[in-house]
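Each chain carries a letter (A, B, C, D, E and F) given by its place in the written order, and its residues are counted from 1.
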Amino acid sequence: MKKIEAIIQPEKLDAVKEELFKADIHKMTVGPVKGCGQQKGYTESYRGTIFQVNLLPKIKVEIAVNDEFAQATVDAIIRGARTGEIGDGKIFVTDLSECIRIRTGEKGKKAIG
Amino acid sequence: MEVTFNQLFNSSNVLFLLLGAMYVFSMHAGLAFLEVGSVRKKSQVNALVKILTDWGFTTLVYFIIGYPIAYGISFLVPASELLGDNQGFDLVHFFFLLTFAACIPAIISGGIAERAKYWPQIIAGAIFAGIVYPFFESLVWGQNPLLGQAGSWLTTITGGIPFHYYAGSVVVHSVGGWIALPAVIILGPRLKRYVNGASNAIKVSNIPFLALGSWLLCVGWFGFNVMSAQDIAGISGLVALNSLMAMVGGIIAALIVSGNDVTFIHNGALAGLIAVCSGSDVMHPLGALVVGGVAAVIFVKLFHIETEVLKIDDVLGVWPLHGVAGTWGGIACGIFGSKALGGLGGVSFLAQAVGSVAALVLAFVCGFVVYKVLDVTVGIRLSEHDEIMGPDLSIHKIEAYPEEAL
Amino acid sequence: MEVTFNQLFNSSNVLFLLLGAMYVFSMHAGLAFLEVGSVRKKSQVNALVKILTDWGFTTLVYFIIGYPIAYGISFLVPASELLGDNQGFDLVHFFFLLTFAACIPAIISGGIAERAKYWPQIIAGAIFAGIVYPFFESLVWGQNPLLGQAGSWLTTITGGIPFHYYAGSVVVHSVGGWIALPAVIILGPRLKRYVNGASNAIKVSNIPFLALGSWLLCVGWFGFNVMSAQDIAGISGLVALNSLMAMVGGIIAALIVSGNDVTFIHNGALAGLIAVCSGSDVMHPLGALVVGGVAAVIFVKLFHIETEVLKIDDVLGVWPLHGVAGTWGGIACGIFGSKALGGLGGVSFLAQAVGSVAALVLAFVCGFVVYKVLDVTVGIRLSEHDEIMGPDLSIHKIEAYPEEAL
Amino acid sequence: MEVTFNQLFNSSNVLFLLLGAMYVFSMHAGLAFLEVGSVRKKSQVNALVKILTDWGFTTLVYFIIGYPIAYGISFLVPASELLGDNQGFDLVHFFFLLTFAACIPAIISGGIAERAKYWPQIIAGAIFAGIVYPFFESLVWGQNPLLGQAGSWLTTITGGIPFHYYAGSVVVHSVGGWIALPAVIILGPRLKRYVNGASNAIKVSNIPFLALGSWLLCVGWFGFNVMSAQDIAGISGLVALNSLMAMVGGIIAALIVSGNDVTFIHNGALAGLIAVCSGSDVMHPLGALVVGGVAAVIFVKLFHIETEVLKIDDVLGVWPLHGVAGTWGGIACGIFGSKALGGLGGVSFLAQAVGSVAALVLAFVCGFVVYKVLDVTVGIRLSEHDEIMGPDLSIHKIEAYPEEAL
Amino acid sequence: MKKIEAIIQPEKLDAVKEELFKADIHKMTVGPVKGCGQQKGYTESYRGTIFQVNLLPKIKVEIAVNDEFAQATVDAIIRGARTGEIGDGKIFVTDLSECIRIRTGEKGKKAIG
Amino acid sequence: MKKIEAIIQPEKLDAVKEELFKADIHKMTVGPVKGCGQQKGYTESYRGTIFQVNLLPKIKVEIAVNDEFAQATVDAIIRGARTGEIGDGKIFVTDLSECIRIRTGEKGKKAIG
């Protein structure tokens, strides 16, 4: 099993969700984060003092899938999130050693979907 | 100190109009918070700055240009002359009328929110509050007797009855709302508001602030309407009661028509209050209830048509709210003010229709010309990058909740 | 225009009561924000809608049924008759009294927050503001001389002294609070508020909004109390000062008794103001200070007993706050109004006790009957699922901060 | 009931001052929200509690000690004597003057925010509002004719012209601001505000609340200034217009000088209003515009110097805002009040300069002494641990948004 | 070492914490997320437009433990979070290759607790 | 590739960022969390009821790096975050099996930086 973590632009969340649903991936966990990367930040000024802000708002999407779905998931995310501009984000994949459905206690492949 | 009757009367009069001015001034805070709550977080600061600084510029242009246009009175004389022998009543009179003029840019602000440049809008606001509005004011209330004055031109075709106004349904709200319509159209919708012809509604940020804005407006409106007597001896309890009933009509109609939608309910109260202004001194309270209820229905339905069918991205719905409900109010005064419907009479449907339509035509045309010229010269819209960042960061270099930025 | 003394007097009178009505109207915004801040985020929209729409329905029923019950005056006559020869004073009088009547549902709202159905509560509110409250009003201020009128029945057992009221400690606040008690009991606590007999306090969402509500109430209260003279010639600086002192007594007592708890301090000010209403025109300022301080102590202690010991989930504590502090205020007027304690005298402890107890019994019984009937017929409580979702989503289909929903 | 002219006059007078008191009371809500928005989230509750409880303690000390010091009037007599034969005018007069006195601790509060202990500040506030401020008041408005009274000592060196004040630029604002300066210095900056000599600005939490505070202040200020006539027969429309123009001058100057900074713009309006108080009854509106504009520039520039160069961590900038702009207002009255500049005349530059400087010296010295003594005895600063936790949790044991705590 | 990540219903956080404390697990990191899975979302309506909201509020609990505690941790979470209804959530387990205590620089097993 | 996750004190974020930049690490994802560990919580009281709050605000910093940068990253975080007092936090390291740059589709080592 794999855990796929994508950091995307906030305004792309809807498109990513749509692509995932089309690819029959319906389960995910989403949260707001801030990130810095190649995209440069901005300056704020408050009462005459200038601040360098380099963390920009991003959305993190986490999806646990069985190995055979990993590629399809990554592809769907890319389809939804890519604009071709700096700041589009990254996808990180890690191995998942176990997955348990709290409601039933089911484990592994059966629990993930 | 021995106080004479005249002194007490003048003093009470100054107090009366001052209170009116203070209430309408506080309504500008209401407009600010209504906008703060109705835009996205990244445009809240801009909403606050626009309303307060528009107020500042309006004061200057109305003081120097607008008031002389409307009433032929200039303030460039020594302070002792300004005071006069009525304890400076003329000065609070100016203050009171200013609070009306300043509504024009504040109304427009809500329609063009989240994507307009700052300075071009300040210039447009100054033109409206300094020239267009005072000119129309002069035709209705002021030195050029065309519509509203006893003996004005209009009375020659309505059998002697001029255009009836009490407070500002038409002069303030419909003018503001109908100027905003071309502004919103020329500006175009916010990015991603309509995607491939499909509507993609953008969610508001903060209902409590929106409601706070609505409350400030509702409370202040009793000052707006009642103090429109402009003379304490002309105060009328009927104006207060009619304002109340129209507001209630708006609340309940919006509740029912919208299916318990909090934003429509809080705006429905305003629709009712906008519509009642003109005829608040002549209608029966039950008439006012109906006028307010109809105004709210107009707002709810027309906002949907405007933003979903016509795809005009009027963020706060200022055209249906101030524009159309204001026009409805002007006309409704000619209906519900009649004796047949329990009103005090003395109003003419024809005069109301002519006056109301004249206002909307003037407003739409002037709005169109001013924004078109600004658009092709300096440009009125933020760059795409600035709009995505949000006006708060791109114009004011700060977010509404700075501590949250990391 | 020549203005006569009578005209100025009538005008000033209309202005006076209008200002009172506007201040008490703005207190409803205060009640709304007090509730917004004191409930969870998922119930903030509901708080706002309840207060504003309750206001709307109360206006209708009080206009059509309530006011005629209380005073025998109907408004279903042409506008010209309504205006009368005093510039519509009767109409602002209605507005002012309405703002009191509308407090009843708004008070109850805070007790039953987060779990009550919308429409049954609207019906209950309409019954109270349209029938129960006006009926009690008629006994104290109105056309049925039982308690408060000179020469009313009560005076036959108190040596000629009627039940003394100035503003609404008893008539408004204690009636509202004592109606709320059975409502809260019949409704039952919010889910998981008490788990296996153990209290599991639910945290409030937003202290600044709670404080904003309290401020709006504190400021408006001076209108509530001072304009209760109902005639500008009866205005009394003592009422203003006593209101101030009671509020301060409430603030300081709450601060000390609660160990610097921000919610208690902001509600303590209200407890003081509630208690002082009745006797604000007859007590000495230092008496008012004590009355207010005691009210705050009652509130802090009784709220704890109510919610922790008796396990009654009164969300905003409206029973101890409005109900019991209101009753205390009615009785305290009979103590601190006496000449012995520096007051103006002319009050009877017996009359105050009888009047105050009569109010609470009537309120409790009517509240119980109305809510019981509604409960067994249409049901007054949200389904468990809807309560977990929160009233904002399940009733109004929107969250308080929509932009945050993904 | 037959109402006499005298009765109506007295009643109108009571209403007039009551409205003034209510407006200035509501300005305290403004000060509270200005502070709530300008501090970090972990200090918002503390801001709210400080302002409300300071109000409470100030009322007590000013009632018992301060007012007798300033005016030689005591309230420890039966209520009937208090009422007098003018419907309790003296009592609302007290209320009105109290609202000024209570500004002193509320102004200081904004400077020392986020790190001061609670009770020592309450004690300091009580000393200022109970003794220092009333003493200075007595010299200007009260029973000790030194500066402001006709025939006071100052007139002997200014050719008969006393120190002119209308509302409180000097007496209230500059005294408050100049007391705050030593308090802020003795307290020292917030942790990590300056790191190794480098400034490390701490971001504010909530611009909408800051703006709400500013709006409450702006609206209420017209009460502060106009009702400073203290007698309805002395009301002046010029005072209202000048307040407006100075506010607008402040808004526009701050906008330009700060590069569209939302916090400066909202504080600039206040700077203008602070500066105009003293001479609002004698200046020409264009003079007021300039005075307000200059005040905003002073504030913007001096705040930068204070916090960035001098490294004084004055959180809300109360010294440049209330202190220096207040002093500027006192002096400006001597300039722009002159007939040569379109004013009404009758003011002396020398008198204004002496009075303004006297105020700042007195305030600075008293502030220094009181805070130094408190610092070396009980200590005025939170422990490092408590400051990191934030005053909300360490003093009040609650966060501003409790539901968010897990 | 294992990293255990549980997505639970927000109202179950207290019960989960309690069960964890009972099982002598005192360290954790918690954050708000939004999730979608079998539990269906809701519709919002704003000014007459209807929105489909399918991300519901959830809480993510992260706990790093030594291998021998993993099972006890999972069990405690299930005890606290299970209601038997859709939406109860999931537990994901990944291998942790290193853990460092910032304060002391300690590593691995010693650092985790 | 490694994924490094650090839980730090909120007031240390600036210092950590600075140390990371100095060490030439410019990409990261940051979010607010709450945590409990050795640092004890506090009590809140609301209307007379006392609450035990044991979750304190923390910041989570996530950085994906190539293996050879892992140690430098950990060291930089420690330099920025350590005060020597309880509550300084933890660093967790897991293996990352894949990393994809959404903008370009690049994978692995090339995508991470």
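Just so we're on the same page, a residue touches a chain if its C-beta (ideal position, glycine included) is under 8 Å from a C-beta of that chain, and two chains touch if they have at least 3 such contacts.
In this text the structure is predicted, and so the values were computed from the model without any measurement.
Mostly differing positions are employed by subunit C and subunit D in their mutual contact, as under half of the interface residue numbers are shared between these two copies. By number of C-beta pairs in contact, B-E leads when C-E and B-E are compared.
Subunit A and subunit E have CA centres that are 18 Å apart. Averaged Cα coordinates give subunit A a centre that lies 45 Å from the centre of subunit B.
Averaged C-alpha coordinates give centres for subunit B and subunit D that are 33 Å from one another. Touching of two or more other chains is recorded for residues 5, 8, 12, 19, 203-204, 206, 212, 259, 261, 263, 397-399, 402, 405-406 of subunit D.
Shown for subunit F are the residues that touch two or more other chains, namely 30-31, 34, 45-46, 51, 55, 94-95.
Considering their complex, residues 192, 388-389, 393, 397-399, 402, 405-406 of subunit C touch subunit E.
Interface of subunit B with subunit D (complex): residues 1, 3, 5, 7-8, 11-12, 14-15, 18-19, 21-22, 25-26, 29, 32-33, 36, 44-45, 48-49, 52-53, 55-57, 59-60, 63, 75-76, 78-80, 82-83, 87-95, 98, 118, 206, 209, 212, 395-403, 405. Those residues of subunit B lying in contact with subunit E across their complex are 199, 201, 203-204, 258-259, 261, 263-264, 300, 303-304, 307-308, 317.
Residues 11, 34, 42-46, 51, 53, 55 of subunit F are the ones that touch subunit D when the two sit in their complex. Residue ranges of subunit A in contact with subunit F, taken from their complex: 2, 6-8, 31-38, 54-55, 58, 60, 74, 77-78, 81-86, 88-95.
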